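Two complexes are shown next, each including subunit A; its partner changes from subunit B in the first to subunit C in the second.
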Partner chain A sequence: MPRTAQRSGLWKKRGNTNVAVFACIRARNVPYLFHLHFLRFGAMAFAGVAILCLLLLSVLGMPAARWKGGDGVVYGGTGAVCAALTLWAALRLAGGGVDEVVLPLGLPWLPAHLRADALSAFFLMVVNFTGATASLYGWGYGRAHHAVHGPKPGPVLPLYPLFLAGMNLVLLANDAFVFLVSWEFMSLASWLLVLANHREEGTARAARIYLIMAGFGTACLLLAFGLLAGTHGDYSFAAIRTHTPTALAGALGVGLMLLGAGSKAGLVPLHIWLPLAHPAAPSHVSALMSGVMTKVAVYAIVRVTFDLLGEPAWWWGGVMLVAGSVTAVMGILYALMQDDLKRLLAYSTVENIGVIIIALGMALVFKAAHVPVIAALALSAALLHIVNHSLFKSLLFFGAGAVLASTGTRDLGRMGGLIHTMPVTAFLMLVGAAAISSLPPLNGFVGEWLLFQAILNGPTLPQWILKILIALVGAAVALAAALAGACFVRAYGTAFLGRARSVAASGAREVNWAMRVAMAVPALLCVVLGVMPTPLLRLVEPATRLLVEAGPFDGRAYQPWFWLAPTSAVGNSYNGLVFLVVIAAVSAVLGLAIHRWASDRVRRSIAWGCGFDEPDPAGVTQYTPSSFGQPIRRAFGATVFRARDTVDMPEPGDVRPARLTVRWSDPAWVWLADPVVRLVNAAADRVNEIQFLTIRRYLSLMFFALVALLVLVAVLQQWS
Partner chain B sequence: MSNLAYDAAHLLGALVLMMSFALLYQRRLSALLNAFTLQAVALAAAAAWQGYAQHSHHLFITAVLTLVLKAVVMPVALRRIVVKLNIERTIEPALSIGLTMVAGVSLVTLSILLVMPVTEDATALTREDLALSLSVVLLGLLMMISRRNAVSQVVGFMSIENGLILAAIGVAGMPMIVEMSIAFSVMVAFIVFGIFLFHIRERFDTLDVQKIESFRGESQ
Partner chain C sequence: MKALLLSVLWQVVQMALVLALAPLLTGWVRWVKSRLQARCGASPLQPYRDILRLLRKDVVLAHNASWLFRASPYMIFTAIWVAAGLVPAFTSHLALAPSADLIALVALLGSARFFLALAGMDVGTSFGGIGSSREMMIAAFAEPAMMMMVFSVAILVGTTSLAEIADFMVSGTVGLRVSLALALMALVMVAIAENARIPIDNPSTHLELTMVHEAMVLEYSGRHLALVEGAAMLKLLLYMALIACIFAPWGMAHPGDGLGPALWGLVTFAGKMALGGAALAVFETSIAKMRVFRVGDFLGGALLLATLGAIFLFVSRGV
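And then the complex of A and B:
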């Protein structure tokens, strides 16, 4: 009985703070946001019912694979639930407030705590929006795949809603136990989804490496939460928040958190599973894993470093800045070396995670220096980039899936000229490629622009090491952005422009309407958010207020919705409308001018013909992906990847074709993964001997272990 | 009265421990079984005395159970096995007596060192009893690993059980069900070991564990 009484007392207290937080946010909040008080009642019930629906859909998915139209029911249901959750999360974000609920599930002494605050709501919005478009796309993708490749691969239908339910639960968890269980749920569901195409070569290895890395990550998180909870034994986040851990425990906790969540997000050098596993899954799942699951990992980092641990130390941000910079530059260099379109996109995810981690590191550094407005600016950049990346990365994965569905290949060297056969996909992919290359006036540009506003404030920090580091980080971000541009020019150019490089590419067909609509929605949002980012930033302002107690616009009197002028020492501003108008005008003028004057004389020739006007079905006389990547491979790859080109040139008179071979080694594998694998194997061999002892030896082992422990206890007793 | 209760309990517990030492240096199986019988009788006496001293009648049941099962049924059954298998006169190699005694004495020292500081709040009786029973358990384990014959390993196992029961009766207010379950577990273990011994004998024609090991598929 005293237990229940205590709990209800706690509950009551929480209720009070809850109201206080709500009132405080309302009072400070910008007046034009909706005040939807009624949403607070039963708000958690709505989320709970939605997640239950996802679980039910997952059960339904098992028999539904055999029904005619069963996939429509499951994908349609999942999409509807995700859309509803997106709307709910957006309204909660606008309405502010904190909702908590304690469910009598789980361990007897630890009921399941769920909580939705502004940060959770923001990530829920991102996850479920992509979930909704991916459901629509997955429905169309399944049909297209069915039409081209015969029977469907492994069971996707039951696992797909399960995966989404897992991600939603991670975001709602309010104690370490629920968090870790949902985290494993998410990992295992996505692992099974990776295995859906298990007959393809390499999938089994990718899934195995993913499972190992997921296990490693969860183990790190387990230890991190154990350290954060300390000796109190209360694993609810509320308790962790009130008990600030010792400096050493906090430092270890942050380090383990970065290792654990970083391995899921894809921080270099823990990214090794990501480019193997993400492309191996069906394309809509790839989009979810790459665009959204990595964000759930980022959520874990944000939740711990900004919220649970209270006051940060400046070096946490420093570590994140270094890790993020290495990840951003390495990720995009990897991407430039790839010929597999989906793997290229997965490596580009690594780069974008690096950028997000840099932005979070900046926010932490400024929060530790007690400059909350700049911290809010950097945090807004991180959150904006999270939205942006989820939009354009899902769009690009959808596009890659569309190409895969209609040509049957992911190899850039077998595509080409798809703009003629798949015009809608080509146009939408162009939007995605331009957005991820951070070209104005698209959303990728705004995110990086905001990040640079924060970086330009670096010199105001007190620590000299940070001043220098942030300058270097700025250079790294700029380099990564430029390389991303090169990477996507290469990918888009070889896939969609030029001439077809294979028969399959020349016979490609435009994909069905569901896939096109699913691509068009994020593409449209990429443009809208690029032109008018301010409303979204206003929407996520409660989240930044929750974490750094300031908004990016504090202290700016004039702030209309079409103008983005964050508070900072540099005082720059951005107006997407002006950009749009100027770029549209310049493009129109340039286009007209080129059309009018550049080619006075009509001259017809094959594009990329290199002087050959004969038809060339194999398309070998045009730039290949590896030739396009060669300059950058020579400049960076020779040192980082030890890339070597060998040319096998036949003698004059020999009719065999000349051959260029590129060899490169992955430093993450050479320096980290392979030695670890060797170490584990050697240790396993040693331990294996224990399997073949006699019964008496086993008994002796137990006996001596027992005696040793007893002696230890006895000695410790004498000591104390 | 309380002084007498303490002294008698101490004496009986020490007798159980003495018998553990006696078990350690027996080389013939029949002598080993005799020593085990004596240990069981001492344990039964200890239980009966505790029942009288603590005024808890269920300890008499424990005493009777111990006496019947461990002092009569099991030694008789084991002796029949020994006779049937014709290993009555087997001299089995144990560790040298001096070495075994040194190891045993150090184990007893260790358990006293361990138990005494932990149980400062408890009564003297409980403390002594816990130290004695931990020693008996450790000596039983020592016996199991220093013997090769399967029968003496069974005896070592059952002397571990004796140590547990000694701990259980020393603590006032231990519910009956514990002793019942311990008695039954010993019973089950005895049956399992009996069947096991006969099967081993049938299959391999020996009870020497060392020789049986060479029959295991995985070892070479």
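And then the complex of A and C:
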């Protein structure tokens, strides 16, 4: 036994980077495993080699940071690996089938199980596609940042491939141990990436809170897997799948899973770290954290609730519907109050995660009610929204990073008029803003349309409480969508339109080609998926079939590729292509008619300034982000955030400026985080006393602890 | 094939019809209103003259107006025109009916609003900003209220396609329902808010601090203003046609009908619009405008009514 432990410890240290080590260890430790699965290894080899490449790139990143052009090697290599993995995942998704491999890595009694089924393949596709665009962007961003703001901050190069490798491994894990180790890997790599800009104010606090919440999340996941695996101690997912937990263990497991993965995904009120940490990282990492890492957390929830736990109880979906609705509405209300562009985007991620969780909850309640086709419809809405959000959120973070690189600020109140100085970025951001506001014919709308179709099937459910809940959820989704529109009009209008509010904004320059291309690719896909969503839904159909044993188009005969008409009790169809063609044709007719028959002369003049005609270089006579948010702040924020505007108006004759102050409090901090922090501090003060005891007291403490434990063991053994 | 061609033909007729009738409806409302206020009032044809005059004038652009400011009127007009073409007016046999349903219609109106609000912020005046921010606040209430109304109707009828809703409603199997009454009330309230009518906004003022729509379009002139004004007129017609189509679809022609029912559909449609316009004028004359921050209460009420109606249906009906 000691020899084995020693061996496996050694091999754990080296195994990650050296393939050749496998061979010498397998002979002694786990001889049968490798032979059994050797044939299947071929299909998984690609993913394994790709992840190894990412790890090697990470090692290479350390010296490469000092080379000239080293960033190109690392980002180029990572981008190529991600692109290859995207393609591989898409082909696996289309080809179907399940590949498993057992590697003699990890604990002596628990080799590493890896598996790629349709669900993993879908998420691998999403993660690696964004990884590929983010790599291209990151390369350009590093250069732009280098040119403007001096040396590059922090060790981004070695950590960036590591982060992607961690996310890929979570998606491939097929036992709780590999899952949790990769999960921590992903968390810590992203934590270090958040610290890349550690000299900036607030980054240290963001990273600390992130670390605490990540630790909390992993602890919850650990307990959840422990409960799901039961007492026999087999932590492979195959064993968990066959083992049916008791009702209580299942309920606790789902609750802990929602807490653990939900804190990573950003469910309100566990989201507190997210709007601090995501914006603090470099922009391409922000895009990955917001667009993709939250999806890995969603993957964890899907894997456990749909796959590992077997038959769901109806109230699991109900809990997810409530949590998702609160998250969606609160997330976007938070976003409406932000003046920091990247933080606004992070809060909007919270909203979109809420929508995804709502769609998953819908799928779960319909699965529990044995209506698989509608469950497939809701699940397709969730999966489509996952793709959509990864596209437009990465696009928007790239755009925010472009603005940051060229103006040096994230504060909306110091931007303005960027549509003139950064026309390409402005156009691409407009596409992203319209897509995330779910405007037709872009992709955000299709996801929302599918979700509404699923919600309209709510009356078929047997539970009264769910019927009422789903009607309210529908209202919450509609409200969140309308508020998202307001949020992005505010963000886009103050950043890109109007007049420049600072010298930096008026002197901004368009960013380099790599960043523009990296933004153009997701923008193009936003349009393509909005116009033709059906091929993508067909592609992900194996994933829905795996989880709910039905596809969204089952039982409907006429299903051409350009038509979206899912099976539903409420008949419906949507055709983005016809929509686009009609809109284009009507605009063309309109434009031609106007220019043929109407006057086409244009005169330029000054804008109407309400009688104010002094020069206004700082653009102070226009609306600011906080004044734009004021009506909504008053209508919604007064109760939720206790937002108050106080006006300090000097007396006539007093020359000090008038001042308007906006105060609001964050309910998640006031009601949850602050009391917990106080509680922990108080407990720590108490425990602190134990650190200053005499030897005699320490010994008696240990003795009584031992006695107590022995009594506990005795009682438990008697009882069971 | 013949049915498809016919549906395309009716679609084109419908698009032309809404375009032709929209200024007349606005002129009619203004005329009835001025008669109620004991004024002579301009002829109902005045909006046509206004639009033609605007089209002939030069466009005066602010120095820092961007391409978005110039493109927005076209996008807004297109979105609302296409949306108006989706609402069955005189026949439910429309080519676009299977491509876009009520949810798409709501979203299309949302697109128009998105670009109008952005255009309001483009020049960077305080008027544009005030209008845009208030418009988005109103939309934050109105859009979910409208969506809940859609839910009620869709669950009752079993489809979100407007053409099928009209066909179903006219068949008379629905009967009187509490949910429908609540949905109608919500839709009327939303329509008033979305069309910037009293008591939410005043369509006939230009320099009042509480204005919303007129503040956003203050910087527009010439053909751009003609398009924006035309879009507002189309939107009024659209909402009236929507109310008529869902809650009073009688007289409408259906797939398979010939020319006669279609003509009868046209006559009844004109009658419904005239009645609706007169009712709007009476309502606007008899009520005072409310403060802008009372709008939340008004539209929040609409949202609650619509949600209540939807809940009744969700609970009472297994599809």
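Annotations for the structure displayed:
Here, the second predicted complex is superposed on the first by the 632 of 720 C-alpha atoms of A that agree within 3 Å, B and C clash if a C-alpha of one lies under 4 Å from a C-alpha of the other, contacts with A are read in each partner's own complex, and residues count from 1 in each chain.
Quick note on the criterion: contacts are C-beta pairs under 8 Å (C-beta built on N, C-alpha and C of every residue); 3 or more make two chains touch, one makes a residue touch a chain.
Keep in mind that this is a model prediction, so the values were computed, not measured.
Of the two partners subunit B and subunit C, more residues of subunit A are touched by C.
Using the contact criterion defined above for the overlaid structures, shared-chain residue A:Leu479 touches subunit C, although it does not reach subunit B.
Once chain A of one complex is fitted onto chain A of the other, the partner contacts of A:Arg656 are absent, as it touches neither subunit B nor subunit C.
In the superposition on chain A, contact is made by A:Val586 with subunit C only, not with subunit B. When the two complexes are overlaid on their common chain A, residue A:Val713 makes contact with subunit B while staying clear of subunit C. When both complexes are overlaid on chain A, the residue A:Ser573 reaches subunit C alone and has no touch with subunit B.
According to the touch criterion, subunit A has no shared surface contacted by subunit B in one complex and subunit C in the other. Those residues of subunit A that touch subunit C in the complex are listed here as 416-417, 419-420, 430, 434, 437-440, 445, 448-449, 452-453, 455-460, 464, 467-468, 470-472, 474-475, 478-479, 481-483, 485-486, 489-490, 492-494, 497-499, 569-575, 578-579, 582-583, 586-587, 590-591, 594, 597-610, 619, 621-623, 627-632, 634-636. By the touch criterion given at the top, residues 691-692, 694-696, 699-700, 702-703, 706-707, 710-711, 713-714, 717-718 of subunit A touch subunit B in their complex. Partner subunit A is touched in their complex by these residues of subunit B: 107, 110-111, 113-114, 117-118, 138, 141-142, 144-145, 148, 209-210, 213, 218-219. Residues 15, 55-64, 66-68, 74-75, 77-79, 81-82, 96, 98-101, 103-104, 107-108, 110-111, 113-114, 117-118, 120-130, 132-134, 136-137, 139-144, 147-148, 151, 154-155, 158-161, 164, 218-219, 222-223, 226-227, 292-293, 296, 303, 307, 310-311, 313-315, 317-319 of subunit C are the ones touching subunit A in the complex.
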